[in-house]
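Below, chain A partners chain B and then partners chain C, in two separate complexes.
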Partner chain A sequence: MNYLILSHVPWEDYPYKRLLDLLPERAEVCFAGGMTSDQQAGSGVRPVSLAELKTLDGKGYTILVSSPYWLQDVLALKPGYIVALLEPCPEGEDNTMWDKYSALLAARADLVGTASERLYLEQNLYRPKVVYLGGDHPLSCGLIRRGDRLFFLTDYEAIWTRALTELWQPASPGAGGWLFTQHRLRADFYVSMCGKLPAQPTVHYLAATYLYLLGDEAAGRYLARSFELMLLHDYTDCLHSHYRFFSAIEAKKGNLELAVAQYEITAFTEEERKTAVRMRQWLDNGQFELLQAEIYRVNEDIAEAVRILEDLSCPEAQPLLLQNYITSFQWDKALQLLRESGPSGSEAGNIPLPDGAVLPISATPPASAVLLAGTEIPVYGGIQLPVIEGTLHLLHGRRHAAIRSFLRAAGAGGEARTLFAEMADLEEAVGRLKGEDR
Partner chain B sequence: MSDSKHSVRNERLAGRYSYLEREGLLPLPVQDGITVVVELRYAAWAGECLNLLQQHSGASISLIGVAMDTDFPLKPLAEAFPGATFIPYEPGKYGVNEALAYAGTSFVALIEDSVMVTPGWVGNLLWPFVDDPSVQAVAPRSSTELGEAREQLHFGTEQELSAYVTHSLGRRQGEWHEAAVLCGSCLVFTRELLQRIGGFDSTLVKRQLMVADWCLRARQRGARLVLSDAMYVHSLQPLPEAHAKAEHDAMQDGVQAYLAKWGLDHSAVNVEEGILPIPSDVSVLPPRPGIALEKTAAAPVPLVTAVVYSERPLMLTPEESCESQKRLQGQQSYGNIRWVWIRDSRRDALPEFPVREQDAVIAVQGEDSWLHALENVAALYGSEIVVYLSASADYDSHYVKRIAEAVLHGSADLVVSRAASAMEEPAPHQGLSPLLPLKLPLERIAHRSGIVPGRITRQKVSGHGLQLEPQPSLAIGYIGGPPEANILPRRSGGEVRL
Partner chain C sequence: MNKGRPLRKTSGNRLTAMMQVRNESGRYLEQVLEELSGFVDDIVIVDDASTDGTARLCESFAKVTKLVTLEGSRFNREWGLRRTLWELAVSTAPDWLLSVDADEFYEEEAKREMRRLIDQDVYDWVAFRLYDFWGGTTHYREDEHWNIHTKHTRTLVRYLPQFYYFTPQMDHHVPRLPLSYAILPGFLTELRVKHYGWAQPPEALREKYDRYMELDPEGKWGSLEQYASILDENPRLVEWQERRGLGRPE
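Let's turn to the complex of A and B:
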């Protein structure tokens, strides 16, 4: 397998050099940017210039990309596989923009890796294939030979190599088992930490979170202890952050009535109360999958919600699925879903989509959407549809189409300046990335 | 001699010893080498484990690999390590005990394939036996032992591991201490102790419990167990799998059996966390029964001597010769081959190439001596089967396996393969008058040990290939070709069916 590295820093600062030594079935490894001859000899990595990058046949490469500002190039290359290495926003970068485009990059990736446990947990709630590139396991858990060098692997390195291999061998025996393995390792770590730090609510909460991801019923016990400790420490505003989590744990166990009751206790705002009423109706009507998916969604477990909704064919499922796609930045899928659900033959007012299809904007907005005040523009989860569509145009290099979409959105809300400023900021960030030592 | 001179001398000697050990120049402190039984569980690691064992254990090591799982792929290992013996997995049988029964050396090491060793590992584990004859079992420090010997470490590379072990050896050379029990992934013991207390109790399911139980039984018979402070081996730990809980439940049966066996009911056991209860005084308990070490019908792969010859002058450079040797060795799937090259040094340039301890290159001068050596090679090298291979013929990767099995399982003394194109002559001599001497293509022949197969000459027609005129008393069988062709009249009466 050939690999192409798109980094946010020059080679000398590249933080994943050891992971490159451990790449499975490693053939050619290219780094977009400059390298000295010593660096090339020491690493076995070949530098490629920006001009050469454009000529590469992306299909033969797995791209390891660690800056969201490479996203346009990644999409243009149409690589065999995309691996997003997510990082917290570096100093000097715009936090909002970095996070947004990181989320979009992760949504397009075949595999996500991160050394930040916060990002790891966030991404686990968005999608299934996420590797934590850190760990506390003290032993070696594998090995890999490269030439005359024998490397011993840490727990996460062993998981990393397995996850990468499964990209091109998805049907291998025990495929996907590495997800369980890493959740188990993290759960074991935090459970053991609970023994050492019995009065630490955060440690108990993290233990509960990993146990929940494993589907282990012990999650409830650790969450209860965390909740008690929060109250003991006078952190009384933890109903939303802690108590609501019980509803997801109960939903996973199939105790939907209890789950709804637990959610109702935490529903304060008008929107939350409406959601609670809807949940109660679904419970009474026996629409259990919808209810389960919604409980996962309100607990930010979008991955589980999507998993259920994608298998449902009832009309109520589609708007919920759309909402979950948009929240988790799976915007391509969101537009695809809208396109499939729109009335056929509607020509007027169609929005051209990045891949040449059209989005019928005259379609009736789904139940989860609200119309922007005084306009016909649907808004999903606080995001305007034209903004989603414009952003995708921008990422696919269609600047004019993006501007038209943004103007449509701006015409309604008067936000043109903000959208164009973001566009300019993105272009500047991309220029800065490519200008640095490359 | 003054004290200061004495300590200088000791220090100097210690320095010299360390140098010899570091450079791998020290022989093992045993006469007959060591048998290393490797438990094969992890296919991804086993190759490197065997590789490091071969690299760092000196010449006098006998490797026996035991597949611990029905799915374990033995074939690639048998191909990569032709000198080792492999025992396939057999349900209901504990292969380790079978392997131990075959151990013919005074010392035996039992090791998991998750263990990575470094230079000098085995020598350092053998010295305590020399230091104190009451020592009967020794283990190195590792992540799988208990108490202070339990070292949970990670090294990024083999170089980092070696540097740590070298440093550790320098600091604690020669140090060891007595242990109440050992349960780790590497254990060295005397064959004498093995014969007294027998094998491992597989009803305890979990490996650590089986090793601990064996050590406790050893102590009941007066053996001292010791931990080497100087030596560390790196034991890899498998990642937890999704079915780990089911395995954990199965292990509980083993834990209960262990506790009951040693009268430790209701004690907590968590070997992974270093918690393993043992009786406070094993000597007051009645001796626990030994576990028989029995060789089963599924014996290790028998040794085949492959006799390689070239009927044409060799015009190869040393590199080409080495390459050709490797190619011939590498292609055969059979797991236990001793390679013997027989060359006529008048005819062939004789580039030197490295061979393993058990292999040989025999150089003789002149055609007659060369043919004579080929005829009598079986008398020189004892093995169950002798196979002749021509350096210029083509063989498929299972050739040796196929013809060796035909000799082993059939009733013929000598087997001819007619399966491949290398057999230039048609199956020819069937049906011809028994008065004409039978001539068989040598490059397609295998025979039982302990016989002289017959007279070897050059083929008259081509002048290139060699042919064997078998002893009239030998029963000859054929493999390959149509089944009916494989029943041959026995030249001295009767027939042989293969």
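Let's turn to the complex of A and C:
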């Protein structure tokens, strides 16, 4: 396998050099940017210029990309596989823009890796294939020979190589997954930490989170203790962060009635109360999958919600799936879903939206027509659909189409200046990234 | 469980008062029960092994629908006492619970507003201002150690059947209601509650001081300075003034 590295920093600062040594089926490894001859000799990595980058046949490469501002190039290269190595926003970068484009990059990636446990947990709630590039397991978990060098693998390095290999060699369904293995390792670590720090609410919360991801019923016990410790420390701002989590844990156990009751306790805004009413209707009508998906969504476990909704064919599932795609920045899938929801797929050519609005659909829908046909522009969580469409145009290098979409959003009451400012900021950030002396 | 009815109701809420008592004969219990009978639907009481006919007094009130008399006192295991009272109170299927001590009186305005306070779906608890009356029922105490009225005390809570209720397992100074309510939205009213626990003559205050020092000689559960201040010869007292028209939630 050939690998192409699109880094957020010059080679000398690249933090994943050891992971490159462990790449499975490693053939050619290229680094976009400058390298000295010593660096090349020491690493076995070949530098490629920006000009050469444009000529590469992406299909033969797995791209390891660690800056979201490479996203336009990644999409243009159409690589065999995309591995997003997510970084917390570096100093000097705009936090909002970094996070947004990191989320868009992760949504397009076949595999996500990160050394930040915060990002790791966030990503686990968005998608199924995420590797934590850190760990606390004291023992060696494997061995790799590279020429005359021998590498003893840490727990996460072993998982990293396995996750990469499974991109092109999927494991048999019966095999224990690497994702499960890593969740188990993290859960065991935090459960043992709870014994050492019995009065620490965050440690208990993290234990509960990993146990929840594993589907382990002990999650509820650790969450309860975390909640108690929060109260004892007078940290009372935890209705959504801690208490609502009980509803997701109960949903995973299949206790849907209790899950709804727990959610209702936390529902105070008008939107939350409407959601609670809808949940109870689904419970009473026996629409358990929809209900379960919705409980996961309100707990920000989009990955679980999407997993359920993608398998459902009932009409109520579609707007929920759309909403989850948008929340998790799977915007291509969202637009694809809208394209497929032609008049045959919904009454009178409309898609009902979860908040009660209706999205009108053109009879002959190319992607843009779906969005342009209506007289009202739907908004999801503050995101207008033309903004989504415009952003995707931008990422695919269709600058004029992006501007048209943004103008349309602006015409509907949006702030054109903000959208164009973000466009300029992105271009500047990309320029900065590529202008660095590599 | 909750089929067909909202978790938080804006009308028809049932209010249960809950209290624990012990040898209240000759104190304020009768008056408290008379007043409570005027504005709550049920009263539940745990009698902590009284030996002076307190239970008979409780039973004489029609609204006392549940009364449990413990065989041995749990005063030194307060958490267990609180739990017993809580379980008894929720067994009445209440919508709201009012935690009352046997020497606490809600001012007239508070009693009048009680239904408005509970017939809403915005707040899950209400906190009042408690005043420690001192030496009698005309003045409350206000100084460095006696100023509970400058804060709010949560005494009225909505009962949410599936809520995770947590009360710390302590022997003394256990909060009267589960701590879990702190995460839910509450209403801080300016309505007042008169606490007559210290509205006693100097010799009775001395007895209380001696009891506190016997129970907690090292100040593990409370402040030794505050215990000592019980014996102040000239505490700062403020005359109580009746008033109206405060504390309504919007």
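Definition applied: the second predicted complex is superposed on the first by the 398 of 438 C-alpha atoms of A that agree within 3 Å, B and C clash if a C-alpha of one lies under 4 Å from a C-alpha of the other, contacts with A are read in each partner's own complex, and residues count from 1 in each chain.
By our rule, a contact is a pair of C-beta atoms (placed from the backbone, for glycine too) under 8 Å apart; a residue touches a chain by one contact, two chains touch by 3 or more.
All figures in this text were calculated on a predicted structure; none of them were measured in a lab.
In the superposition on chain A, A:C238 makes contact with chain C only, while chain B stays out of contact range. In the superposed model, A:P315 lies in contact with neither chain B nor chain C.
In the superposition on chain A, A:L139 makes contact with chain B only, not with chain C.
Shared-chain residue A:G177: touches chain B; no touch with chain C. In the superposed model, A:R149 makes contact with chain B only, not with chain C. Of the two partner chains, neither chain B nor chain C is touched by A:G431.
Contact residues on chain A toward chain B in their complex (touch as defined above): 18, 138-143, 145, 149-152, 154-155, 158-159, 174, 177-178, 180-181, 184-185, 188.
On the chain B side of its complex with chain A, the touching residues are 44-45, 48, 116, 143, 152-159, 161, 234-242, 244. In the complex of the two chains, the chain A residues touching chain C come out as 224, 227-228, 231-232, 234, 236-239, 242-243, 246, 257-258, 261-262, 264-265, 268, 276, 280, 284.
Looking at the complex, you find that chain C touches chain A at residues 1-3, 7, 122, 160-164, 166, 168, 179-180, 182-185.
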